[in-house]
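Provided herewith is a single structure, encoded as structure tokens, for subsequent inquiry.
In this document, chain identifiers A, B and C correspond to the written order of the chains, with residue numbering beginning at 1 in each.
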Amino acid sequence: MFSLIAAITVTDSIRPFSLFQLYTHRVAVRAKMNKNSSNIMALVPKTSNKRETVCIFGTGDFGRALGHKLIQSGYPVVFGSRSPWPSSLIPKDAEVLSHAEAAQKAAIIIIAIQRQHYDFLASLEETLHGKVLVDISNNLKINQYPESNAKYLAQLVPSARVVKAFNTVSAWALQSGTLDASRQVFVCGDDTEAKQMVIDIVRAVGLTPLDQGSLLAAREIENYPLQLFPMWKIPIFLSLGLTAFFFFYCLVRDVIYPCVYENKDYSFFLAISIPNRISPIMALVLLALVYLPGVLAAIIQLYRGTKYSRFPDWLDKWMLCRKQLGLVALPFASLHVIYTLVMPIRYYVRWRIEDRTISQALNNKTAPFDNTNGWLSDSYLALGILGFFLFVLLGITSLPSVSNNVNWREFRFVQSKLGYLTLILCTAHTLVYGGNRFLSPSSYRWYLPNAYMLSLIIPCIVLVVKFVLILPCLDKQLTRIRQGWERNPQYSEQSNYIINKSAV
Amino acid sequence: MFSLIAAITVTDSIRPFSLFQLYTHRVAVRAKMNKNSSNIMALVPKTSNKRETVCIFGTGDFGRALGHKLIQSGYPVVFGSRSPWPSSLIPKDAEVLSHAEAAQKAAIIIIAIQRQHYDFLASLEETLHGKVLVDISNNLKINQYPESNAKYLAQLVPSARVVKAFNTVSAWALQSGTLDASRQVFVCGDDTEAKQMVIDIVRAVGLTPLDQGSLLAAREIENYPLQLFPMWKIPIFLSLGLTAFFFFYCLVRDVIYPCVYENKDYSFFLAISIPNRISPIMALVLLALVYLPGVLAAIIQLYRGTKYSRFPDWLDKWMLCRKQLGLVALPFASLHVIYTLVMPIRYYVRWRIEDRTISQALNNKTAPFDNTNGWLSDSYLALGILGFFLFVLLGITSLPSVSNNVNWREFRFVQSKLGYLTLILCTAHTLVYGGNRFLSPSSYRWYLPNAYMLSLIIPCIVLVVKFVLILPCLDKQLTRIRQGWERNPQYSEQSNYIINKSAV
Amino acid sequence: MFSLIAAITVTDSIRPFSLFQLYTHRVAVRAKMNKNSSNIMALVPKTSNKRETVCIFGTGDFGRALGHKLIQSGYPVVFGSRSPWPSSLIPKDAEVLSHAEAAQKAAIIIIAIQRQHYDFLASLEETLHGKVLVDISNNLKINQYPESNAKYLAQLVPSARVVKAFNTVSAWALQSGTLDASRQVFVCGDDTEAKQMVIDIVRAVGLTPLDQGSLLAAREIENYPLQLFPMWKIPIFLSLGLTAFFFFYCLVRDVIYPCVYENKDYSFFLAISIPNRISPIMALVLLALVYLPGVLAAIIQLYRGTKYSRFPDWLDKWMLCRKQLGLVALPFASLHVIYTLVMPIRYYVRWRIEDRTISQALNNKTAPFDNTNGWLSDSYLALGILGFFLFVLLGITSLPSVSNNVNWREFRFVQSKLGYLTLILCTAHTLVYGGNRFLSPSSYRWYLPNAYMLSLIIPCIVLVVKFVLILPCLDKQLTRIRQGWERNPQYSEQSNYIINKSAV
């Protein structure tokens, strides 16, 4: 959970592994402690070694870390350096030569140098002719340079075969057994053979290679480690905006209004009461927003009578961040649960209860038990509990390791059936909570309805439309459309194909 | 969590990816947004390409999706179609030819056509001679046809080498980077060489091939995507049955009885009170049922004096769904926790407390603090909390990604030691809850004991028997039996083997 | 969650799979039930089989299980046994011969025999010449023998090429589809070619090979399955020690003191009150201990003015178990939450509230609402809730499957930024809880301060120092140091390298 924090305050132009150094030397210790570490095993196989030599340009942290790992996996490693004399820092089993000499010894050369130092490679042009150059560099900013580092390298040494790889791995991950950081290594390059050679190395080192196609992909691959939750931007900003809105809305209704009219100081509501109003609203709205695009898509498809035409861009984007929307909604729901459960402990709540009890006692009268209230409060809580319960279930099934172990049909079942059931339960929970307060004028202050009423709008729309869509007549047509049928075929080829197939 | 819902309402005879279409064209957008997507990289490597051409029959959604992905990974792709003219739908880098022409160009032919259209392949017999045919089709129902689609294909084109693969992947998964659905691709076929070729392709596309043996496995593989939590059927139905039983049991005792005799309306108990009686009972019973078969197995082995004989079928089945039983018990426990924590917020509970307080106040007397009650209520809660706590721990360690990172001994420790500790704590929790109520006649209505008393039967049996089994005398013998020792050897070979080994 | 419990009571000198036997025969049943099982598919491919024969010495449980799996994957399997006649136990598709005959038939020989029976292999010396011997054995104790079993085997048969593998897998895992136990297979050996052959087999069987280098690694690999959470020892013992200390501390203050002076019996505090004092303290202290070493490391680096020198051993060890420290802190936090939420249900709490209410009622006076208390109690709860919330978030992101899907920068963001925010919130939570009680003498009994005051020491230190460290002046220098800059260079080579590079 915290094992990378040492490396956290690091800022390094290749990648953060400046703490790697202090780990190189105490390998044995670590190996004993860390069952994932395979460092103790850093030894050259003694007998005939079939694996071809790998050359590494640059003796920086990552160069050494990778060299270390390659030697473990039985690759002879030779370092190319401006200062070709061995040092305590370099794995003792590795040779250190000048760039030129080192390059001659291997077919694969890993360039562990920062982009700004590449240019000297041009001078090695003929030495590097036909060699596989592995570009592992990263930048400090997204799209920092006009062309990707790999592309730049390929232009510098046109006669070499450039492959992009390893930039997503950290020296730390190489050291500590890659448990805590990602194991994926994106590989791309124009020469398939060269790419295959690199992929084999990646696999031998115990990482998971992912072929990303031609060198044009390098740009994406170089940007990848610099991204900060790209898929999460929209959902998070959206929820922040909504939260702010509802916060001020509740502030006005629940703090300012009583302060003005009843001259009461409810400022302490800011701590729990108001957050506990906002969180359920956010959870419900976001959950509804997860299912809205699916419904819209269905309507559009029905209207157009075909699935072979593009959706508006916004809808497409929306559909792609539904998972994130859902996962952002879950924390809000959880907060709502804790805030609610914590109520009886709050001084304010306790005081109010005591106060009421005492006043009743003093007036010698006891309120009779009201069965309707019993029903309302209990069913309202029950609905909320079940809704939250399913919500958590959805969250668990969305864990990569879980969703990898269910088949498509099971995934669909959980995400659609249970998903809609969750939405229904949560909406009902809110409706029952509202109970008969909807109409009572007291719940309108400055003509502002209670916040939870606003939160009901979207969910209700989604549920109603969805209900209409699953009416047999519409559902049947939608299914046909999604199986490829078109009301007025536009793509002759497509329709032909279908006719032919059915004609067979 | 929700990213596949778009594809959810889809019903497609090959597999659900009808929404794939609307994704083909907006690749760039998506790639920017979806860090797992590798679509932007869909480009043919420019230079010498060592990979051999792959042919795809059928230009349907999945055919195109797979073609797309193959091109990315550097495979030249040629489509075989009845309508051999290019279309906006087909990846522009791919050729489209007639089936016969296309087949000649490749050694591997992926059949992306539905089974009912296979027959025309028979006419291509000689073209397909010796080719590797990859059957990717699925059915709509389990065991829909007498023989598996792959088998059927092999019979149609006996001279070809048929391999089953890719049927568990969805076009969506291929598109969106296979994060949300399973990465596993089951592969089977009679020709190992052909199978290996397909396995290489699967790996090149970034998926995880799993060799399942000969083509006879195709049946299982084709049924796999149609299964809906097969392992979960028994546990879920069992728990549903038990839940129903206990529901009516409590209904009679807690609602009908008072309604009849005391003429009180406790109907609102249906919302929370009764669920909160059932859920802990279910959790405890199911948890006990997880450990019961292990105990039975031990007894049988002790009785038979050997481990080399089969268990009764029901016991075998039971043992295989213990994990699921446990995972079904956990939600019940969680529900019990929330239901309990929610109590002080319930109108009914608040009213009762107020009422008691007031009446005491009016009668001018205060109940003195009873230390025993203090002990009972606190220890009862503490036991429950710790029990639930360990239960959740068991749940977490059962997450695939976690259990993959512990070794066998650690897994045993958690699942057995902690598992039994959980059972003990939960049983004690229930016993203390019962406290001295066991004997008070008031807790018997219509001669029905409190429901939680019934729930104690199985756990107590399991714990007692287990306790007996770990007595040194029995434990030692059991261990010997499980190490292969037999009281009265039946399998000469086996015993010989042991003798010989010890004789060495 | 529980699927391995059957195998749990097993003690087997090779590995626990004594229940494997009862599974061999009911493959079909299981396959139907267990979607991960691939047993039904245990059939020899019929046509030309390119895969080379594998020989297995020993027909014990694991030998048979592995043979079974190999046959599935299309390998012809021949068993070498002292009793070379077929038996119902051995997969019917496999041959059973004498050791010598069997060895001649295959290039790879898997030694499924216990170490103490190895010696007879010496007699087969010339037969085994140049063969690949796969040692799969485990021991009963860590470092049981002077040399690893694989080493011992290599000494017995010097002319053979020994590879260590498969010892981390259980027969159970091989049978049941390896879902519940680890898929990783550590492989090591001196001959790379031989190692590659074994790695291919491992992959073919559907497991994940991890190359660990030369045969010297065998020792570690053989110890691995015997380890019991090695990384967790320190954190767990540490927390146990602290827990014990704080337990007695609270015992004295909250139970013994009032018993002595006020002669009150608060013994029932042992059940919940005291645990609920300890758990938050432990959570806070452990969380602080996670961040302390990072801060110390920074100070040392600043002081030394270089990153190229080792940290003291204890600091190094400490840094390596931070993740575990954090994961141990989380349960304490969760316990604190449940203990707190359960308060209003406790008889003691209810009684106290009732009592106060009644006495107020009897005295005809009601306490007025105190706004400050409202603020204190609410903000204290709010801080706690948010702190716990982020804490859980950290826990979730530390799940392997999740952390594998975030890139380095995202991981850093969560673990560092959110981590420190969590620490701040939790510390604030405790401070506000203390409120104005810090100075009131009543909170000092026998001159002992309240326990939570002690718990604040470390967190406050960490936060203050951290705050100092992020002051621009220090931060800038630290960053430079971590990028490789040295105040007074010691490693000429290193500095040269930097100079040269910048000189380029």
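Keep this in mind: contacts are C-beta pairs under 8 Å (C-beta built on N, C-alpha and C of every residue); 3 or more make two chains touch, one makes a residue touch a chain.
Bear in mind that the values here come from a model prediction, so they are computed numbers and not experimental data.
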{"item": "Homomeric contact subunit B-subunit C: same or different residue positions, threshold half", "value": "different"}
{"item": "Rotation angle (°) superposing Cα atoms of subunit A on subunit C, nearest 5", "value": "120"}
{"item": "Averaged-CA centre spacing for the pair subunit C and subunit B, given as whole angstrom", "value": "23"}
{"item": "Touching two or more other chains - residues of subunit C", "value": "35, 179, 224, 227, 341, 344, 357-358, 361, 399-402, 404-405, 407"}
{"item": "Residues of subunit B touching subunit C in the complex", "value": "35, 161, 179, 186, 188-193, 195-196, 210-214, 216-217, 220, 224, 227, 230-231, 290-291, 293-294, 297-298, 307-311, 313, 316-317, 319-323, 325-327, 330, 337, 340-341, 343-344, 353, 356-358, 360-361, 364, 366-367, 369-371, 373-379, 381-382, 385, 388-389, 393-395, 397-413, 415-416, 419, 478-479, 482-484, 491, 493-494, 496-497, 500-501, 504"}
{"item": "Subunit A residues touching subunit C - in the complex, by the definition given at the top", "value": "1-13, 15-16, 18-19, 21-23, 25-26, 29-35, 38, 40-51, 59-61, 71-74, 81-83, 85, 87-89, 113-114, 117, 119-120, 168, 170, 173, 179-184, 204-206, 224-229, 265, 267-268, 271-273, 275, 331, 334-335, 338-339, 341-342, 344-348, 350-351, 354-355, 357-359, 361-362, 399-402, 404-405, 407"}
